[in-house]
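Read from first to last, the chains carry the letters A, B, C and D; within each, the first residue is number 1.
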Amino acid sequence: MPRILLTGFEPFDRDTVNPSWEVARALDGWQTDGATVQTLQVPCVFGAALARLDQALDAGPAPVLVVGLGLAGGRAEITPERIAINVDDARIPDNAGRQPVDAPVAAEGPAAYFSTLPIKAIVHALRAQGLPASVSNTAGTFVCNHVFYGLMHRLATRPELAGTRGGFVHVPALPAQAARLPGMPCLPLETQVQALRVLLRTALAVRQDIAEAGGALH
Amino acid sequence: MPRILLTGFEPFDRDTVNPSWEVARALDGWQTDGATVQTLQVPCVFGAALARLDQALDAGPAPVLVVGLGLAGGRAEITPERIAINVDDARIPDNAGRQPVDAPVAAEGPAAYFSTLPIKAIVHALRAQGLPASVSNTAGTFVCNHVFYGLMHRLATRPELAGTRGGFVHVPALPAQAARLPGMPCLPLETQVQALRVLLRTALAVRQDIAEAGGALH
Amino acid sequence: MPRILLTGFEPFDRDTVNPSWEVARALDGWQTDGATVQTLQVPCVFGAALARLDQALDAGPAPVLVVGLGLAGGRAEITPERIAINVDDARIPDNAGRQPVDAPVAAEGPAAYFSTLPIKAIVHALRAQGLPASVSNTAGTFVCNHVFYGLMHRLATRPELAGTRGGFVHVPALPAQAARLPGMPCLPLETQVQALRVLLRTALAVRQDIAEAGGALH
Amino acid sequence: MPRILLTGFEPFDRDTVNPSWEVARALDGWQTDGATVQTLQVPCVFGAALARLDQALDAGPAPVLVVGLGLAGGRAEITPERIAINVDDARIPDNAGRQPVDAPVAAEGPAAYFSTLPIKAIVHALRAQGLPASVSNTAGTFVCNHVFYGLMHRLATRPELAGTRGGFVHVPALPAQAARLPGMPCLPLETQVQALRVLLRTALAVRQDIAEAGGALH
């Protein structure tokens, strides 16, 4: 059965939980439209995260879909990312203590890759289900963007992955995290898992994205 | 059996749902610590809301607790209010088209009343349960503050309500509302209801509030 | 010549400058409508700040106007405060290391005092001059609110101050502060001083505030 | 004398002023390090803005520097943009009523271009002067990004512009705009002009950007 590879991060920045991994593992083995979700926890470490992704990509047939998940503390919505950029610029050290500044993710790679997920259709479907979602135009410059760019670079350059689509989605904090950080928005795990089901189903079903304004003035 | 009076608002500002009422009615008849929750929907109308509150207060023995709920679109947490102020200053018209500016809620009332709920203990208990909460130092100047002030004025001035404690709590938008308002934080109904259970239980149990910093620099 | 007493705070929270004092001292000796500005630096210390205020109030005839200034880091506008509340609740220690929690400013004082400045007319005049301003409904619970409440309590209870009007105004950070705190809004000193001139002139001229909506939904 | 081409936008979204143009024209003819600022007002119209840019690029020798300015309502700082992306996605119509959705800026262009301004050195220099500044990782998807991408595409593909560096900088609203939009951060024109002087001087002087963390977690 075709596989969907769904990645989440280990905790970082002194936290003990990361919703991106909690959401992913809640969906491990979930089947939809003839595909099965396979999950992968990646370390919050530049380089090592992509090495781990490579192992999972190589271990089996090409996935139909690869979706990376990451925590965006401070965002209130499920935010499919539009674009991955070729830069590592770490505001804080990663889990291995590395803090690259303005280094490329891939030395010979282009400046950026667009997501090949139908991000507009996904946002449309989520909102229609009463779930808060918006397109994001920046995945930052930390390990989330690093994994996103690294993934899209592999999908664009490896012949065996030519038929695989992929992208990255930031998710909000969990209530238990927000309970420690006054003012931070959150979404409960069940709501996030429900949103990811809608997202994956839409990503499988829609190959030509819809034309619906989802831009930002700046 | 002693009653807890729990009020919520009808929808306002062109919306079709108001989480404050959804949360209240989900708890109608709920029993805790020997008290039963009785719910009341109040109109989002200056004056009429308090008339409706008066009816409910008069219809039966004095409640042990009266808790008003209101929607705070844009807040991400359950926020027990610290203080009600004696002013109506409406930025938008209420549901009857009234828009008072700098009018007192009660002509002869004091400038403000403090909540008599244990707001610090409530925030502490909610956070301990992994639920996002903070003390708020302003309930605004619209119908929420109007009901809050009107309630506290009644509790302070009517002899038969001398033993009744009360206060007001703002709640976030629901996911379905946030899905229509990009960027708005939300909490699902079940999470809000769960929080209100913790809140009411704590309010009944704690008569002397705890001393835990919960202030704001400005 | 009648005096306007204008207070500003010393720096706090490990900073080396406080715009509230910079603005005040830039206006020392400024004359408008037959009154002269006299400035006073107050320590960012519960209790000691009011002792210093008392000295200045006692040293000479009753001022026609007393305006307290304080920094509101994170606010983008000049914000005249509507109400002072009778509580000290310090999120961080003051400059003497004190951190009161839920203590009254004045043991026998009422829950709150409204500003006796024409806050709506002030906001109207500032905006008309192209200066960003809004009414604020909370001055927080730190030393700013402490000074504001303490001031209004003195104006309300001391017969010799019966004719003195007063209030409190929060001001934004300075550009040099914002340059150290990415994302923080700011206003240059000259703009803040210009705004205070408009504010004091309006406060002297308008004795009956205008009725213009300036409220908050929550 | 070598020229620096500095562009600003005409007003948009029903406003009557645009700080990006006010700042630009205040610097028209300003000389620094042997170069002279030449200014250009571009329409807030997809396509037409780039046609106007082309005219200015063609009318004379290649500039040493081309810097586009645009308003970012809601931002509090001077924000040099890191990257221009190949997409037009308009949340609101432009000044000609056009509202492209997910159309490329340049049909055959790459996904993105990095700014060739020393954005880290610029932010460092601005902060050192007490001026609020941060790197931005998204210029949005409206006409600002359109001009930024179009500019970088021309610099990358036209041989005669091979020696020209360029980029885009978003600036905050002016106080008079913030006075009409409660809560919006702003910076006075003089402060913005002062910042642009520092920015242009730094851009001319620094050819190899400094390595200083300026990234975002998301």
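Heads up, the rule we're going with is that a residue touches a chain if its C-beta (ideal position, glycine included) is under 8 Å from a C-beta of that chain, and two chains touch if they have at least 3 such contacts.
Everything numeric in this text was worked out from a predicted model, so none of it was measured.
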Mutual neighbours - chains that touch subunit A and subunit D alike: none
Distance-maximising chain from subunit A - centres being C-alpha averages: C
Copies subunit A and subunit B touch via same or different residues, half shared test: same
Separation of mean Cα positions, subunit C and subunit B [Å, integer]: 30
Distance from the mean Cα position of subunit C to that of subunit A, given in whole angstrom: 47
Approximate Å spacing (C-alpha centroids) for the pair subunit A, subunit B: 38
Subunit B, residues touching no fewer than two other chains: none
Residues of subunit A that touch subunit B when the two form their complex: 76-77, 126-127, 129-134, 174-176, 178-180, 182-188, 190-191
Partner subunit B, residues of subunit C touching it in the complex: 13, 70-75, 82-83, 85, 87-92, 99, 101-102, 110-114, 120, 137-142, 144, 170, 209, 211-218
